[in-house]
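One chain, subunit A, appears in both complexes that follow, with subunit B as partner in the first and subunit C in the second.
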Partner chain A sequence: MDNLMHLMDGFATVLSWYHITIMVIGVLLGVLVGVLPGLGAPNGVSLLLPLTFTMDPISAIILLSCMYWGALFGGSTTSILFNIPGEPSSVATTFDGYPMARDGQATRALTLAFISAGLGALAGVVMITLLSSWVAEFGLRFSSPEYFAVYFLAFASFIGMSSSAPSKTLVSLALGLVFATVGMDAVSGGLRLTFGIPDLVKGISFLVAVMGLFGIAELMVTTEEGLHFKGIKARIRPMDVLRTAAEMPRYAVALVRSILIGIWMGITPAGPTAASFMSHGIAKRFSKHPERFGKGEPSGIVSPEAADHSAGTSALLPMLALGVPGSATAAVMMGGLMIWGLTPGPMLFVERPDFVWGLIASMYLGNLVAVVLVLATVPLYASILRVPFAIIGPLIIAVIFTGVYQVANSTFDILLVLLFALLGYLFKKLDYPVAPLVLAMVLGDRAEEAFRQSMVFSDGSVAVFWSNPLVSTIMGLGVFMLAWPLVSKMIGLRAFRRRSAMKPEASQERPRQGAETPR
Partner chain B sequence: MADKHVSRHSMEITTALLTGAIGVTVCIGAWQAGVGWEPSGPSSGYFPFYIGVLIVLASLVNLGRALIWKRHLDEVFLDGARARSVARFTLPLVGYAAVSVVLGLYVGTFLYMLFAMRLQGSYRWWVAASTGAAVSACFYLIFEIGFQVPLLKGPLEAWLGIY
Partner chain C sequence: MIKPLSLLCATLAVSAQSLAWEPNRPVEFVVTSGAGGGTDNFARTVQAIISKHNLMDASIIVSNKGGGSGAEGFVYAAGYQNDPYKLTFGTNNEYLLPKVNRMPYAAEDLQPVAAMAFDEFMIWVNGKAEWEDAGAFIADAKAEPGKMRFSGSQSKDTDQTLVSMLQAATGTEFRYVPFNGGSQALVQLSGGHVDANVNNPSENLGQWKAGMVKPLCVFSPEPLPAGEPVYDGKGWGDVPTCASQGIPITEYRMPRTVWLAAGVDQEVVEFYRDLLQKVVETPEWKAYVANSVQSDTFLSGDELRSYIDENTRVITEVFATEGWLVE
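== the complex of A and B ==
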């Protein structure tokens, strides 16, 4: 009940014309970055962040989080209309969304996607409302070793759950940790890894990294394909929207299942992309008509969308309550919190309840605003994609460059972003995941601090990470996550052998399905 | 595959060597900062040093995947046509960064839009130039006046007296 009281206070803070206007702006900008190729949610939030330095934290987080919701919706729009996922997490929506739109049911596909996305997000926020104080209270019992264990668990789950090779994920993650340590050492005040370059003393900003890795690199990959959009004309007819809304109860099972998957994958840092793929895969496996998937099956749209958005929203729970973001965008927002002078984690609930509950209340409203706005503006945004890429591409680059400069008014960053772009391009082309790098960059300082403090407690013995049941459990979970690729391979191999022994003819198709679902 | 191309296999090796080199550099830098134990706890190079070691080890595994397990042997990383379109996109971008550092972001943006639109879309000079000028002007209105955040300025702005 305490939570509900807090939530009401939050609504009181948020329900003002100023904040509603910020929400609308945030959602509209978010849909824009979601629709534009190469500009995703992490990048959009990074671009906007320097402009919020002078705002008060509540308005700033409303702007950024609404941009995030908008971007998630925008990504689905291009998936359905253009077969081009605006966000990695909306790739799974193209499987059935585009075929349905191509069959002349664009409105139905979009409405299905937006409503299930909205419901997914709503479920995520309800979960946050109910659980956040509890998780934060739990987090208050943590001291340095437990904190390090939580970071370790986050890093380990990235390595264990990633669809890339574990060694590649590890390289990406460790690079992020190292980039975070460049410059002044917060504990001793000494300089490190600056190699005599004065511009490195202030450190490497994660914002610059995000804009290079996600923004420029993504565009470089996009240009390779030689962009010409083959879009479907979208005109939203209110009658079709209502008719589609009426058929939603039919997909209730798929919806609930996908939301649960999404919430779980969002809290653990597997993220929205993994959640949407997994949800689509499971929907297909449990369907009575698996052959209809890929040809415009409604539950093939409902499932990935609901999972995507519930994961995206749930990713904010560990960020707020423990200071461990569940997705790349949440990581960028958490970096923003620290820049505004707030410390994400359990103490935030004690020190700034107005901020925490203002944000949670804004999530209810923001998603509602997003569903309505996105339905109203789809035709407008779809027309943006008809502007030739020779204009849009350079324009996005120009916006990114101004954003990079605004991070610290540094010309060095303009050159640095090029190096990150090169790294990002290589990583994207060679299946190195980029999100772990960003997450590690944001968490790096805190992880190191927790590690060093634990070491001080224990006089340099790593046994401190196994010294009580709580920390041992978290570390144990982490080790299990690290070992997961091996475990799943062994289970998969055994099942494969058994199956091929029983049914030789089925062995060709079956293992491929098995390889798809864990994603 | 008669066309000239860069193979993915060679790029896997290059990237593994690159990340490995970063790892070694990090270890050296951390070593200089001190990797031992001080009265106040581990010294500042301690944590980065071991992360550097992790990078080197993981890069070796990636190298091994390419060299020993022969992953991605016959895949294409970039072929001629794609390399050209990436170059058309990337070269103006590098020029943009270089020019902006010297002449400021407004002039840089104008020149970049101009050349990028010419190169990628073969637009006419006046179309590209006016788009570039419009974008620069918009940036001025949005950032300098709207949000009151200054962008990098160069000699032209100083000459015109805009600060």
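== the complex of A and C ==
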């Protein structure tokens, strides 16, 4: 209840026209940097940081955090419209968001994404309000073995459900791990797989990889299927936004489940990327129609978005309560905190409650402002797809190349993005799944690091992953998720036999459902 | 008669000034750490001070190139051999990285402009730990060699080097677990997963305020200047030096350095040296140094060269005993 009192004080500080204006500006700037690939939230926030030196800390943090929310929404927009994820955490949104948009339902896809993202973020803030002190302590119980267990769980729940041939999934996964290995290894301090090429010392940027694998490869396939010189003819009516909003209750189960996954991954702190992949994987696993996933299934959009944003929001808690940045953007904001004369850390709650609770209150309002703003502009974004491909295609290519160059001012990366485009094209043609590769690239090196740190802790004994109730539970869940396809097949087989013994026609029902996937 | 003369003098002075090199397009600050890292705060503070006091007409672009423990930034800067528009910010990693790895750049590819401050190192333990001084801590470590765990930032970098020096100096063995950055090393310590770390003062300040971690000793010849009390009535000035605690390492510091490509002219180096000299004289710089508990020492020219030579020699010895040297 104490927290609620503080929160009310926070609202009192934040609710002024000046601060609302700052929020709107922050969100709009954020959407802009989120939509432009290669710019991203951390860069945007650090560009804006010098401007905040003359502001008071509360207004400054409101501006920066609202920019962050805006960037998160902007990242989802490009994932859905162009198959180009702006951030690692919005990769999972492309799986179903892009197919739906391509089928002429861009408005629906964007609306679904934004509403679930907003609800996810809201749930994250509520969690922060209610549980801040407990969660901060809980985070401290995580050491390397626990981290590894969480990553293992994310891998297991996503990989176990892959619909491609297991051997192809394995190839894709292994390739991703190889790409993640390139560059300096934090545990040994040595360079790996750089082949004496100076540009590889920094490692392969995730953004470069996804822009090639998703963005350009997609354009290549589209071009090959015949050049459409017409845009997608979809009627875009503002009413569609409301209609989609009305269908949200149908995905309530997926939404709640994803929010829980997101909050859990945000606190633990495996982060939004792991959360969104895991939640998409689990949504597919527990769906009655797993075959519809990847073709524009609504809960395939709702799940990763809700998980991404609830995790992203909860991840701000470690920053506030422990003074430890949960993401690159949070790290920049923490640098800002120090410049404004505040010391991030556990005492911030005690020393400057007005600042902390002002920020938390601004998270409620900022997200609200962001959702309203992006929903209002959905028809605008969706109408981009009506532009003929002959115009939008080259434009995307130009934006991708500029974005890729911007990541590290490196011409080598432009070459690299072409290689990845080729790889992505081959994957599509030969029906290899891209998702495991991306997942391995994002989480692979972190999982490896955590594993090797655990080995240093335990003198090389794997028993460390079962050494306390916390890590054992997470590992156990992971193993269960990995074995689930086998288990469900066995259970399913028995149930199927029983059912087919009673009702022979039951077996014919399934494939028919798969065939009539709505287009 | 006097008027035209003074006018002439003034013109001469102006033309003499315009002869000296000055940047006439934007200068890139290459930061060899990710956004939010110690080097990033350093470079952005310098940038903010230059723009606030109008110390330079050209504008500044800051770009983060922290890949490969900062190697990305040095490789990038070394690729512009005669470019006076790239100023690189780092620590002693510029000349130490090529010692432990076959890097695609050599330490000589860049020339030092200035060391603007020195960051201190301390031995930190969990706030609830029973050790009240470094002597007791080392005694316990000696009782069970190899049991005491240190967390630190990166591998074969400043933290691990110091832990290795600590082993040699006290004749005991520690276990070093590398993490990705000082903040992770800190969380591991507050969570009680490791016994100690050797973070910089500013990295652990927030947690010390809450009593979650506490410093045992500082690796400097003199105690730090007394400031406000941080926790339990104790401040930075109350932390004893490690040497006074019977650990024979009087000094271990990390310089905050600024570099230019080796190929640029001396007058360019002088321009930036004078610029940075003006920066360290501002009150904003004094505040930055005090807030981040660093020592306010400015080195340039021969002084800086000899510091770098000495620092390289001492640390290369540690690398050699650990077998980390390449070639």
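Methods note: the second predicted complex is superposed on the first by the 273 of 519 C-alpha atoms of A that agree within 3 Å, B and C clash if a C-alpha of one lies under 4 Å from a C-alpha of the other, contacts with A are read in each partner's own complex, and residues count from 1 in each chain.
In this text, a contact is a pair of C-beta atoms (placed from the backbone, for glycine too) under 8 Å apart; a residue touches a chain by one contact, two chains touch by 3 or more.
None of the values given here were measured: they were computed from a predicted structure.
Touch criterion met: A:Lys202 reaches subunit C, while subunit B stays clear of it.
Look at A:Asn409: by the touch rule set out above, it reaches both subunit B and subunit C. By the touch criterion stated above, A:Gly460 is placed in contact with subunit B alone, subunit C being left untouched. In the superposition on chain A, contact of A:Met334 is made with subunit C only, not with subunit B. In the superposed model, A:Pro388 makes contact with subunit B only, not with subunit C.
Once the two complexes are overlaid on the shared chain, A:Val187 sits against subunit B and subunit C alike. Look at A:Leu51: by the touch rule set out above, it reaches subunit B but stays clear of subunit C. Contacts of A:Ile397 after superposition: subunit B is touched, whereas subunit C is not reached. Common to the subunit B and subunit C contact sets on subunit A are residues 50, 185, 187-188, 190-191, 194, 409, 453, 456.
Taken together, the subunit C residues at the contact with subunit A in this complex read 34-37, 40-41, 44-45, 47-48, 51, 62-65, 67-69, 71-72, 75-76, 79, 100-105, 149, 154-157, 160, 175-180, 183-184, 186-188, 190-193, 202, 205-207, 209-210, 212, 291-292, 324. Within the complex, the subunit B residues that touch subunit A are 8, 11-12, 15, 18-19, 22-23, 25-26, 29-30, 32-33, 37-38, 40-48, 51-52, 54-55, 58-59, 61-62, 65, 77-78, 82, 85-86, 88-90, 92-94, 96-97, 100-101, 105, 108-109, 112-113, 116-117, 120-121, 123, 131, 135, 139, 143, 147-152.
By the touch rule above, subunit A contacts subunit B in their complex via residues 50-51, 54, 165, 167-168, 170-171, 174-175, 177-178, 181, 185, 187-188, 190-195, 216, 219-220, 223-224, 226, 388-391, 393-395, 397-398, 401-402, 405-406, 409, 411, 414-415, 417-418, 421, 426-427, 429-430, 432, 448, 451-453, 455-456, 460.
Considering their complex, residues 42-43, 46, 49-50, 53, 139-144, 183-191, 194, 196-199, 201-203, 322-325, 328, 330-332, 334-335, 338-339, 341, 343-348, 408-410, 449, 453, 456-457 of subunit A touch subunit C.
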